[in-house]
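Paired with chain B in one complex and with chain C in the other, chain A is shared by the two complexes that follow.
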Partner chain A sequence: MLLLQLIINGIQVGALYGLTAVGFSLIFGATKIFHFAHGASFAISAYVFYYLYAVLLVWWPFAILAACILVVLFGVVLDRYVYGPIQSADGSFFTIFVGSFGVAVVIQNLIGTVFGRGFISVPSALSRSVETLPGLYVAPTAGIAVVTAVVCFVALQLFLGRTNIGIALRALSESPALVRTFGLNPKAVSTCAFALGSLLVVPAAVLTSMTSGLNAAIGGRVMLISVAATIVGGVGSLRGAACAGLLLGIAENLALWRFDPQWSEAVTFLILFAFIVLRPSGFFGRVVTS
Partner chain B sequence: MWPLRKVAVLAFSMLVALAGRASAQDLRIGAIFPLSGANADYGDLYMGATELAVSHLNDTKALGGRLSIAYEDSQALPQQGVIAMNKLVNVEKVSYVLSAFTGVSKAISTTATRSRTVAVNGGGVGPDLAELGEYFWNVIPLANFEVRAMAPYLVRKRGLKRFVLVYVDDPLGQSIKRELESSLPSLGATLAEALSVSSNAQQFSGVAARVRDAKPDVVYIASFGAQQSQIIKQLRDNGVTQQLASYSGFAIPAIASLPEAKGALFTTQRIDWNSDDPVTRRFTREYQARTSRAPTAYAANYYNAVLLYGTLASTLQKAGLPITGENLLTKRREIGAFDLVGGRVTFEKDGTIRSAMQINEVAGEPAVVETVAVH
Partner chain C sequence: MIAYLVNLATLVCINAILAITLNFIMGYAGIFSLAHAVFFGVGAYVAAFIALQWTDALLLQLPAAMLIAGTISAALALPALRVRGDYFVAASLGFQVLAATVFSEWKSVTGGIGGLVGIPPASIAGHAFSDPVQFLGLAGVTLALVVVLTRAIVRSSFGRSLKAIRDSESAALAFGKNVALIKTLSVFYSTAVCAVAGVLYADYLSFINVESFTIDASTLFMAMVIVGGIGTVWGPIVGAVLLTLLPAALTYLPFLPRTEIGSVQQMVYGLAMVLLMIFKPDGLMGAKRGEA
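For the complex of A and B:
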């Protein structure tokens, strides 16, 4: 029963990892910007939801809507007013990364100053597990996480495959010059990538605020998982990032079956290392030749 | 022109000399606290107490000049602590430094010994802290004493014999594990499982599954900061209904106000907050008024650490001796016993205070922590 419990826990955690990883992968794949502040987007949406829902007692759909609006705004502002000027000044990949890292540090400290650096969580009956079979405990949030992840991913695939802006996003990841040839503005398409990628962290952030709880430094962990999942899944592959997020969540939990909990985080790096050595292109990535 | 210039130089020299004299009378000590990062809640708690002690000492004019504290941020990390200690010793030239957290305290102890600077710990409880040399003092009983108070209470009074330990794999967690391993068999109890977690882990649903699988009577948590709240919440959310127990790391407002922590037991040194002794009464009353928080053992410890400095420095000043680490140590040994919050305390030869312990229960709303037994 322990094994089954760990698999179910892993699927829940993996679904949330997948959602955050897909957002990062979408931005990175389309714009080639290493958006380190993706973790900050996660933290912002989680804390906004916490403040509105748990402190101001705003109805939860409004709290989620406000989190969505703010986090999209954050992503768009970063793209337009931080990354854009750096790119215009021919800033290198590393310069943009440092800029993004700086933003993440500022946001972490701002959250710590406003909300405190201690642990907070959104009290909810949804995070309370019930014994569904003898010795097997499942919380409603597990089902919500899986269903939300599937719905978001399917909706994203439809958006990217069947809308003009979605197709433009895919084109941007292939060739910005091609986007320009078709009369589109790569900057505007890039902004859409940031808006959409940032939006995707909201469900994971809201559910995490209920299940694991939050602290001001949570963005760092989110980034670690997002980067690992993007590499394991194959850079630029959203399907790969989603599957890799799920794999990392399940592997982390399955490690507990035989090893001490402190080794479960090392599993993430072992998988990452194995993919870098044995399959550098990841699950679904393409081999890039220069 | 020459006489005028000479007068100006003379006046300037006198001003500098006077300024130097004034600053020589003022006293400064150092404090290495976690002021940022996941454990900043502790630093905030400690500062509330140290600032209160400083204002009390300055109000009573017990010292020849005004006392102030130079704060440095350790982030609860040993390497940051060493950087902070070097700055306090070499730049600020302090002779007395307040320290917190077992790892940080151990890291700064070598500098304390080498520079003959007194380092006083009021928050770390790793038993190793009693072995860091004569310049390292502890105004808090260490974890081995906490486990020795808690384990018999749980076994004999509560009839809980099967323990599971969830601990951070650091010197503190390891020492608690060793203490449980050595003390439980003699009590007729067992340590069924010891699950180590890394200090930055945030997911504990799998740990909860392992805990449930071990079928414990009691789960002992040896973590600190935001993480221990996460562990409690996730254990409770994931079907762990057994008694929770811990060391004095639970003596923070975040745990007292966490609904899932209701009923958890934890040890601290014995402090009667309703005591009639004037030091305790003044601290309890003014700490609550100043911080809007109930006093905790940690707050009392750091208040005591500053008060201890005040007593020693004042005695040295009266004797016309410089306030150096060596003289502070000599004077502490001479005086022997001190009136601090909680009553009269004495130091053991290893520089650690010995104190009676108490078992506290997190009583939930409205965040009251009750004393349920005293050892």
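For the complex of A and C:
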């Protein structure tokens, strides 16, 4: 029963990881920017939701809407005012990485200063577990997480496949020069990628604030998992990122069966490490060694 | 006041060694490691363990720490041979997180979260460096040795091969360079000397715990290299001086609440990194690309 319980917990966590990782992967695929501040987007939307919903007692759809608006703004501002100038001046991966990493460090400490470093969670009836089978506890949030993840993923696939902006996004990941030839502005398309990728963290952030709770360092953790899932799943493959996110969530929870909870992060990295050494291209990726 | 300045100067020396060794792999080999604090920690824990269990002889602690750190560096060299750039950064980040967990959980050796206390001061041939001024001398001499040695390596044919690999791995391979061997050796050198800084740190503070060897520390070391100027001789030293003195200077600002100083420091590093990347990506001491 414990094993089944851990698998169900793993699917819940993994669905949210997958969703966050897909956002990261979308941004990286389209713009080739390794967006280390993706975790900061997650933290911002989670804390905005927490503050509006649990402290100011705003009606939840408004709180979620505000989180969406702010997080999209954050992504777009970063793209325009941090990555944009760096890319036009130098553009080596390292400069972008350092800039992005710096932003993540600033946001994490800003949140720590404003909201404190302690653990907070949003109280909600949805996260109360119900004994569905003898010894098996499932909260409604588990179902909501899985349904949300599937809905978002299907919607994203439809968007990328059917709309003009979606097609432009996929084109940008193939060839920025060709995008320009067709009369589109690559910068505008990359801003769209940031807006969309950042938006995808909101459901995961809101659900995480209700289930496992938040602390100031959560951005770093989320970033690590998104990066790991993107690499394990294969860079540029949204499907891969989603599957790898799910896999990491389940593996992390299964590890609890045998090890103490402190080791759950270590499990993520053993998987990442194994993939980098043995199969750098991931599940579905192209070869990327140099 | 003198004691305070001596303390700062010793920490500057230790941080400068760390920044120089990190710059060696980042600036010359193009290996951007976010796991440098791991090897710093390994050096410190090995020194502390030996000092507490057997002997305070520095000349025994140093080779042991260097050898163990160098061996563990295989865990860094392996992904470095397979992937470059962002992928390697992610791998090193993973390694750092893994190591921090080991540091805080392997209680019989590392003392867990509480760390190891009462590490005796190091001694050479029976002479114990218990006086802070003498220890500063020891740290200063070590730093000077590291600077000279690293410069010599960078200017040797090995250093030129390294830069060739950084600039174009396939071209270096085409010229018959053993890329895998050169990369592995450079990581070995960097981490082994990094462990020396760890030994000094443990012997100097006589107390260590996992807090000093986490991802925050790795970020700080990387910030030192970047702020100073990556791939330059003096850059890491300038970066180490600035970023070690900054926290000391911040404590003098009266309007900052004590508990927030740590966060303010981190924010300053972060902001400095972002602004530098936008306006001067080569760092304060940076030359134009290609001259270094």
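Side notes on the structure shown:
To be clear about the criterion, the second predicted complex is superposed on the first by the 281 of 290 C-alpha atoms of A that agree within 3 Å, B and C clash if a C-alpha of one lies under 4 Å from a C-alpha of the other, contacts with A are read in each partner's own complex, and residues count from 1 in each chain.
Following the convention adopted for this analysis, a residue touches a chain if its C-beta (ideal position, glycine included) is under 8 Å from a C-beta of that chain, and two chains touch if they have at least 3 such contacts.
Computed from a predicted model, the values in this text were never measured in an experiment.
Chain B and chain C, once both complexes are superposed via chain A, clash. Contacts of A:103 after superposition: chain C is touched, whereas chain B is not reached.
Contacts of A:128 after superposition: chain B is touched, whereas chain C is not reached. By the document's definition of touching, of the two partners only chain B reaches A:5; chain C does not. Using the contact criterion defined above for the overlaid structures, shared-chain residue A:274 touches neither chain B nor chain C, since it reaches no partner.
In the superposition on chain A, A:178 makes contact with neither chain B nor chain C.
When both complexes are overlaid on chain A, the residue A:82 reaches chain C alone and has no touch with chain B.
Once the two complexes are laid over each other on the shared chain, residue contacts for A:139 go to chain B alone; chain C is not touched. Once the two complexes are laid over each other on the shared chain, residue contacts for A:215 go to chain B alone; chain C is not touched.
In the superposition on chain A, A:112 makes contact with both chain B and chain C.
Overlaid on A, the two complexes show chain B and chain C touching the same residues of chain A, namely 109, 112, 260, 262, 265. Taken together, the chain B residues at the contact with chain A in this complex read 36-41, 169, 195-198, 200-207, 209-210, 212-213, 225-227, 229-230, 233-234, 237-239, 254, 258-259. Those residues of chain A that touch chain C in the shared complex are 34, 82, 85-86, 89-90, 92-99, 101-106, 108-110, 112-113, 220, 224, 227-228, 231, 260, 262-263, 265-266, 268-270, 272-273, 276-277, 280, 288-290.
Within the complex formed with chain A, the chain C residues making contact are 32, 78-79, 82-87, 89-91, 93-95, 97-98, 101-102, 104-105, 169-170, 215, 219, 222, 226, 230, 260, 263-264, 266-267, 269-274, 276-278, 281. Residues 1-2, 5-6, 9-10, 12-13, 109, 112, 116-119, 121, 123, 127-129, 131, 135, 137, 139, 211-213, 215-218, 221, 252-253, 256, 260-262, 264-265 of chain A are the ones touching chain B in the complex.
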